[in-house]
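The structures come next, written out as structure tokens.
Here chain A shows up in two complexes: once beside chain B, once beside chain C.
Coming up: the complex of A and B.
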């Protein structure tokens, strides 16, 4: 999920140039925003439910969607715990016992760190342009409608657990500000809302995203991008077990 | 009874306090916990600059462990209890990305008898490894209370391109399995240790060489009780990733014994697979033995996580009536081994009741006796920085014979390993700053 958070935030920086784009171009542009881009940043995640609240601060380094290193900065209980993802391999480092643990993808299901994101969000690398069939539901008309609304249905055998994904993309800057995740019966399961659009790391993006489960609308998980830099030159050993343990 | 070393009968006898003493330990734990509850949970940046920084953090833990022996004429009859307050300060400083210094002083106060609950009863934390350089001091020692200061970490790490060098007191872990860890020969945990999230450091020199993403070569020289060959451990592991599997090869000269091993971690048919095995050639070159563990983990859509391990150690006793002799093997006194038999299995089922409330049940079985220990537990994440854990271990298995043998070397005939174990319950509070 941590890499998923990074990926989703990067996704929100996508911006197609042309006004009259096809759905394929729009979705490919969003996918391409992830490819090859290196970034580093700090983010804070806040989980709120009716009975409790938690927060987590993380530092991340990424290169495209294939390589990510995330280190927890706070709370103190988790501080120093780090996750390295390189292509299909994931390792966790537990500094208190000096142990590097290989984490198989099959163990990554369920909620991540008690949040409304799942570990599946972290490890899946679905691409809209390859793993979904997308179609416009609405287009901006320059008057009352100021979003593209796009429905994306997973292709057979795509690594996607949703029945359908609906994106609302702002006409003003081609940034998604809402993604609804629906089950196979078409019922909304959760909604990801983006806000605080600003320029960060030289790109316009949503600084905040909030995941709200449909069955518990009073609960949410927010991820706030504290700082972010793109196209940074990362040391060659950034995505190695040596860096994981630093 | 002292002769049986880490056998539970002796452990319980060493730590025996009266029922009143157990209540006193409980009151002591409660007082310590209440005193700690309002403690601020903030790490402190001691120094920050473009060249480096220094910070202080730590944790405070309180433990209450109660032990109730099985009714038996030859075992201690009184319940016993122990409370502990464990305060750890974590100081670290770094210069750029290339030098890091860690210092973790640890103050432990225990109420109850002087010895540990060790053996087959639940114990709060793993025993302190031997120190090549004495960095511990008993600040107070009486029949009721003991206060000990120890440096759990005192290490300097030099980060060079592709190489890390660490000197000093540091944690050392080898292997891929969780319950049974044959490759973790320096200072292993036992499954009955309540607090396994922090490993006390050993005095060691360590070098790690990194090639590419996940190919590593690690070499460690660690103090293990003496400055001669029989008191040192020299270990090396080379590991890499092959497809979706991490594979490692291990070789060690440990306390003058030669150890060769292999470990594997990966995924097969949607199931996590972990395995490690070692062959040990003893000093006398006779009776080489195998220790091997195979673990499978699976997480289900419902949130249920199952972990299972099978373990074999060919140096274990072939039958229960040999356990007392087996317990005299110095490997048990050193904490290098804890299981007395040959064939074991362990299963753990974990389920998230709420994001802040987790329940788990662990079962550790001696397949030879047969006997087992069942350990349910509940973990409540009170806040970002505080956790409360409660649990117990219940034995299932044949208790020792009720009649004494009359043999001083074997005063009681054991009929199963975990059937000898007392019931134990624990309550732990952890706060981090």
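Coming up: the complex of A and C.
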């Protein structure tokens, strides 16, 4: 009862401001950013670890968030290696042995193409607006603060491996530029930083994405979107195992 | 008084009573000896089964490997380390370890790749003899791999089938390779059954682009294990590396073996106490029945100490006869149980806390198999006779002869 009154009071005072956005609206905007859109583009993934550094050029096709096909264009040694994601499943095509492998459930936490992204990152369909309870930590005040900082805690039984996710969303364009992933104890596990905000394929988005694991701050995986087109007409068989081999 | 001569005659005066007493002792000796040999066998098997498949008595890792296994955490001069351990009188082998994925047709599963030196490994561990279907690795067939039982089942493969191995090489590239199933193992232990993929060291090095070093050096279990001394010797041979004894590597198994040992020792104690009570009863009866006879001896002027000595001499003869009889009875049984064992196949393959039950249960016979129960028998008889013998020694002759 008392918290209810406080919440109403807070809502009333916030209502007068320019940044009159609810958490729900913001999170739905995050969820819907790429929803339903078909796209195709090329990207460069740079992976740096303590032992090696490598760069892969890849072409990608996607339909909403459910279907994705990524194929390596360079280097030559790995050219043709491809990943297909359809509704929670991942298959890898290996041109060297000319075989397709379905990634088993036990390996979903494993690295994708040697990067700091996991197979799970590709597959997880968690939606902030449905699978998390989100709350503001900070709001832009038009002066020193120009971000919303939002803490999202997974709901019970949500398909999420994190204890908490903290997003920083730019007040300018409501795009996230930093996401911290925390474990159950509240310790940071990794950080995803977005930069180079630009208009690509007619949409405002971050061109560069950089993942840094918290326990190895010298390592990272960078994905640079070289070009991107939205609402493209994709052949009906784009997201099939046959197409994966092409 | 010629105590021994008298005692010898005495025990044959009442043949039936002597035979009952000696019989009870013989049965007790046979039971405790056989039980002891089987228990020793069980404990030895328990430890051997836990260690010989893939554990060894101790293992050496690069520092940090245990906390965070990594393909890069290698012992750089593993071959030299193996040679040093050999020189120090231990047998050891080096293994290469890496994680990844293995797939066959539509199915795939997580895999623990183990690159092994085929000959060396077989000298240290018995996993190579555990192939139930197909054959073990062969250096001449680098594409051939051997799978754990459950992994083969998960993938639905048998010897001759094709596999795809997938992982990440040490240079960051995608390691992928076709392989052929050469063999499938029997149940060895939880991890190997579920995910073990054995390949030759050469094939492993090519697959992971790993030129130098090894991840694990396994030291063979010697016949007599003095763990602290062994650990010190291995540590001396492996400076800068982490040495872990099997007790540290499998604390649950070590605790289980210890608790089984404790339980068995307790059972052994209970069995011995039960047998001691039976012997005690027989000896008590044997002396009290003859209380009038001892009264006459006393009346004839035999001293209390001599009565005591006589009763002890009689008991000694009976124990010696029982020992002889029990040896005759139990020897063929021990030979049979240690050579053929008991068929435990109904429990074979049952895996508990990472170790798998053997299919036969053998007795282990040593000097202590015989000396233990014999010493126990001497002690029990001496204790059992003490009270009635003392009573007979100090009894008043008139009192004793009136004794009904």
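Worth a mention:
Here is the rule we use: the second predicted complex is superposed on the first by the 223 of 246 C-alpha atoms of A that agree within 3 Å, B and C clash if a C-alpha of one lies under 4 Å from a C-alpha of the other, contacts with A are read in each partner's own complex, and residues count from 1 in each chain.
The rule is simple: a residue touches a chain if its C-beta (ideal position, glycine included) is under 8 Å from a C-beta of that chain, and two chains touch if they have at least 3 such contacts.
What you see is a predicted model; the values in this text were computed from it and never measured.
Partners chain B and chain C, once the complexes are superposed on chain A, run into each other and clash. Taking chain A as the reference chain, the count of touched residues is higher for B when chain B and chain C are set side by side.
When the shared chain is aligned, chain C comes close enough to touch A:81, but chain B does not. Once the two complexes are overlaid on the shared chain, A:47 sits against chain B and chain C alike. In the superposed model, A:92 lies in contact with chain C only, and not with chain B. Of the two partner chains, chain B is the only one that A:237 touches; chain C does not reach it. When both complexes are overlaid on chain A, the residue A:107 reaches chain B and chain C alike. Look at A:214: by the touch rule set out above, it reaches neither chain B nor chain C. In the superposed pair of complexes, A:21 makes contact with neither chain B nor chain C. Comparing 22-30, 76-84 or 148-156 from chain C against chain B in the aligned model shows that the clashing stretch is 148-156. Touched by chain B in one complex and by chain C in the other are residues 47, 49, 51-52, 54, 77, 94, 96-97, 99, 101-102, 104, 106-107, 110-111, 114 of chain A. Those residues of chain C lying in contact with chain A across their complex are 72, 101, 103, 106-110, 164, 166, 168, 170-174, 176-178.
Across the complex, chain B is touched by residues 47, 49, 51-52, 54-56, 74-77, 79, 86, 88-89, 91, 94, 96-99, 101-102, 104-111, 114-115, 237, 239-242, 245-246 of chain A. Those residues of chain A whose C-beta lies close enough to touch chain C in the complex are 47, 49, 51-54, 77-78, 81, 92, 94, 96-97, 99, 101-104, 106-107, 110-111, 113-114.
Taken in their complex, chain B has these residues touching chain A: 41, 43, 57-59, 97, 159, 161-162, 164, 170-173, 176, 196-199, 208, 210, 212-214, 216, 241, 244, 246, 265-267, 270-273, 297-301, 303, 305, 352, 354-356, 381, 383-385, 387, 430, 432-433.
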